[in-house]
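Some structures are shown below for you to check.
Next, two complexes with chain A in common: one pairs it with chain B, the other with chain C.
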Partner chain A sequence: MQIYVCVKHVPDSAVNITIVDKNSIDENITFLLNPYDEHAITEAVQIKKNLPGSEVIAVCLGKTDARNTLRSALAMGADRGILIVSENGCDSIETAKALKAAMEQDGSPGLIFTGRESIDAEGMQTMFRIGALFNFPVATNVVKLDIEADRAVVNSELSGGTANTYDMSLPCVIGAGRGLNTPDYPTFRDVVNSKKKPIKTIVFSELNIEASLAGANIIELEPLQQKREPKEITGDKAVIAKEIVKILRDKAKVI
Partner chain B sequence: MNKKYDAIIIGAGVIGSPIAYELSRMGYKTLNVDKLHDAGEGSTAGSCAIVRAHYSTADGVAMAYEGFKYWLDWENYLDNVTDEKGLARYMNTGSFLIKSQGHDWKKVKKNYDEVGVRYEELDNDKIKEMVPPADLHEFWPVRRPEDPKFFDEPANEVEGAIFCPEGGYVNDPALSAHNIMRAAEAKGAEFLFNAEVVDIRSEDGKVAGITLKDGTQIDAGIVVNVGGPHSFKINKMAKGVWEGCNIKTKALRHEVMYCPSPDGYDYLNDGYHMSDGDIGCYVRPEVGNTFLIGCEDPDCDPQEWVDPDDFYAGKGGHGKDNVLTEEQWKAQCYRLGKRIPTLQVPNQPKGIVDLYDCSDDWIPVYDKSDLPGFYMAIGTSGNQYKNAPVVGRMMAELIDACEKGLDHDNEPFQYKFKHIDRSTDVGFFSRKREINYNSSFSVNG
Partner chain C sequence: MMKNIGIIIELDNGKIKETNFGMITLARADKSQLFAFVMDADTRDLKQELESFGITQLVNISLPPDQQNNPVIRAKAIINAIKAFNISIVFGLSTAMGKDLLPRIAALIEAPLVMDCFHVDLEQNLVKTSQYSGKTIATIKLAGDVLVLGVRPNAVEPIKAQDPGQILELKLDGTHLVSKGFSVIRTGEADKSTTIDLVEADVIIAGGRGMKNSENFTLLSTCAEKLNAAAVGASRVAVDSGWVPYAMQVGQTGEKVSPRVYIACGISGSIQHFAGMKTAGMVIAINTDENAAIMSNCDYYVKADVLEIIPELTKLL
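== the complex of A and B ==
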């Protein structure tokens, strides 16, 4: 089976983002593999282990330096990469069309992964648009996935912590959520081995994508100003411990 | 009327606080001023707080070994003061110095013998027994991942290690400075926070006091610059001080990484501090079972000199601000990944970026200045945390001796260590010295 994983080159969430000309950002910052896509790659590589003869192909639409993100995907276990180079930003319609065209040009997808969303635009559209273009079923925020012959049994987490289970035909599109797995990060040996893995470069214009009648442009970006408001927790040790557990459970939602 | 003290100490980090503590114990009325909101919240908080003995000079080894005795007896050093935040803890892990071309370990061994530091020499089998995930191939010279040779297969093995059973780290460096502040306050010292110094005033060729950003003037006949990465800016405020220093200081940006320990290796509880010049890294355990990975300043790494104010405001730009870079994240994690082959390196950098107050030869300046009454404990170059309590006492005695008429420039003060039977010539740390080429010119000091 050819398993395609659509990955995105996004700004590191820890950097200082500066908005330039109202609608773009200063890109002289660290970019990396979209964190949700790490779950997608990890799951795809795991499925490949159980389906001998399968291949994991990472596909990325971005500027030339998005090659680094593909290298990260290869170090995490993808077999090869495809970089669609576009120096101009694409909207979600063009993005989905370009990813579809590149996958079709390359092979025949048996399963397509994306992250649940990208942490920069947070559009949450790519997986649905790809599904619509291929006429494949789509599930998002997937936290459990079982591939059974020509079916996929999918657990998709909804807001509020509830989940739906779907039985989907293959091929299908899976939007990986955080609960799907623990990302399997590369060792130095994995990095060395991945350097031999190929990345095919396609220029966006070579895909001959039909211009869309519809489209969206970014007019204005507004920076999120998060103020840190430290608060001291006082009281005896038992009270402090109780308060910390409450914060971790209710506010941070990590336990 | 201006408030008046015997001594104003600019900075309330892990060096400024013990100077106040020791001067107060000697009867001086002191005030520490710091632009931040609490003790130890500047570059002290970003310190790896490693306590190890290996330095490139015997005096350096002696001072570090003397420092151990303070950390091991922390409560007594603080005169059993109570700190509402609790006490910092010294974690004695033991300390490896890998024998490699990256360290002049033979010189270190000679220095250990001279000072009487306890150590043993280990072969590679013994290292493997103590650090099971280690690959002891030799990876020298240190390179960057941008260099294709970084990925060359190694052929030889390192030559073993020198292991000191004494050595480790302090679990909370900011808290340790806070502890010393509380101890100093118990002796009468005062601390003023959120107070930025904008001028050092002098009268009749002698220091007279400081002026704060809000215009407040505070008087003192003694002013001590312990401004950490801001030290050069403070020296420039004091008449003739900057010009009178042969050794200058600058702010050097440094990144420290947190990388999770491999599955099955409880590095937090079973791991050691390790100084590994062969890969240009030092490591120690950190909470969450992670490796804290520091950089030993190999020649191939860029040195990012920055303006400390821009840096802390996050306005310096890529490689100049307080945000980790992917380039250095990969460099340090992959270097350690050679030594620990099962180490998995996440894509997102995690760690701390802070500044060294770096001197021209990476050896501090603990000295008077050309302006009478103005003293300096600066240029700590990322390697003086462990010495802080020793420096506090040494600076207090130096200041006291100079104020009583010692001509320190011509007859350097000799500091007698309190725990080990040895003295050190404080002239070694003079601002007037020529660059000391015995230095490692790195964080190793």
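== the complex of A and C ==
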């Protein structure tokens, strides 16, 4: 089975974001493999172990630098990579079309993974768009996955610890959630070996993506200002508790 | 031209969840009429409330038997309503249910979608949402015949309509809908009455390293029970230590929440944690370490052991 994992090259969540040219960010910062995609890769590699003869292919749409993220995916166990190079930002409609075209050109997906969202754009929709384009069933925030012959049984987590269990025919699209597994971080040898694995490069324009009338463009980014002015609550524990109750009642008006 | 706006109403045990009213308030615009979409609902008790917020059409869509929890069927039912009533903008909540429904709708009709919106300008089709782990606010321009918008729960204060029109009830048959290759085996709905959705909670009490172990989290849940609609959350440290399940995690790789009050108990306040709760109305931090990042990034702070303060607080509630 060919298992495709769509990965994204995103800014490290610990770095500061500086806005440039009104709607872009200064990209001279650390980028890495989107954290949810690590769960996707880990799961794909695990499935491959149980289904001999399978192949795990990491696909990434991004700028030339995104090659580093594909290398991380290869170090985590993907067999090869496909980089779709686009120097312009793509919205999720274009992204899904490009990923679909690249996968279709490359082979025949038996299973497709994405992370449940990217930590930069936080769009939460690429897996559904890929599914709609292929006409494959989709589940997101998947925290448990069992592949049984031609079906996938998944737990798709809601909040509060509850999950829905869905049965999907294969091929299907899985948005990996954090509870799915514990990512296997690569050893030094994995990293060295990954350098020998192939990465195919495709230029976005060569995919001849049909333009859509529908789209979403970021026209402005602004920093989210913190306007909090911390005030200390002091006293013994009884006094503090009384003061908190007063704040909840009079200021926040939640009780 | 008159715009038809569709609003997907989330019900809880047949009642309208409070957070819908903020969404309707956000969706109200000049030269538009508001359609509320519900599925297999008993509409008798819904009409009056929806009417007071400015809804003029209530569309009740009937689904195939036992398919109320199938997100594919629900998405198709909404798409039928979009077509039947010539809807140009669809609003839904960015709740757990919304995250599994709105992207399905947008994907199937190739419409643009922005989740977690907290501001909209329907004249210019502009929406605001946060990006980069809550570090930036993005203004996004949308284009398309139909736009789909996920509204961040609690982001908008509900205001009743000044001059509401009379509500008209309409029915739409969706009993023929199918979801090929996709079926629901089990739903977690049954447990939902006992757990309050983190994303929708008015108040969140969250615990971190300072909680020390799993048992101490019951102090937080006991306290939460005494507060109206409070939920218990956790930092990544508490989750990774195995004290509480992943589903309770607030932050970068957990839930992003906007409660009216966020009480951070023994949480240091890493950038990744802030990513999930930065937009809270009020933050109260309790921590023994006065140098913890959260202490300089909150509205009120208490330098004390959370294990002593919380039981004291519970007594008073």
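Going forward, the second predicted complex is superposed on the first by the 223 of 255 C-alpha atoms of A that agree within 3 Å, B and C clash if a C-alpha of one lies under 4 Å from a C-alpha of the other, contacts with A are read in each partner's own complex, and residues count from 1 in each chain.
We adopt the following convention: a contact is a pair of C-beta atoms (placed from the backbone, for glycine too) under 8 Å apart; a residue touches a chain by one contact, two chains touch by 3 or more.
Owing to the predicted nature of the structure, the values given are computational and were not obtained by experimental measurement.
Shared-chain residue A:A214: touches chain C; no touch with chain B.
In the superposed model, A:N16 lies in contact with both chain B and chain C. In the superposition on chain A, no contact is made by A:G107 with either chain B or chain C.
With both structures placed on the common chain, the touch criterion links A:L248 to chain C but leaves chain B unconnected.
In the superposition on chain A, A:V191 contacts chain B only, with no contact to chain C.
Once the two complexes are overlaid on the shared chain, A:S72 sits against chain B while remaining clear of chain C. Ranking chain B and chain C by residues of chain A touched puts C first. Using the contact criterion defined above for the overlaid structures, shared-chain residue A:P35 touches chain B and also reaches chain C. Common to the chain B-facing and chain C-facing surfaces of chain A are residues 13-14, 16, 35.
Of all residues in chain B, only 151, 314, 317-318, 321, 323-326, 334, 337-338, 341-350 touch chain A in the complex they form. The touching residues of chain A, counted against chain C in their complex, run 11, 13-14, 16-17, 19, 23, 25, 35-36, 91-93, 96, 119-125, 127-129, 131-132, 136-138, 140-141, 143, 153, 156-169, 172, 177-179, 212-224, 226, 228-234, 237-238, 240-242, 244-245, 247-248, 251-255. Of all residues in chain A, those touching chain B in their complex are 12-16, 28-33, 35, 38, 68, 72, 183-189, 191-192, 195. Residue ranges of chain C in contact with chain A, taken from their complex: 69, 72, 95-97, 99-100, 103-104, 106-108, 110-116, 126, 129-145, 179-189, 191-192, 195-199, 202-203, 227-228, 231, 245-249, 252-256, 260-261, 271-272, 275, 278-279, 281-285, 295-304, 308-309, 312-313, 315-317.
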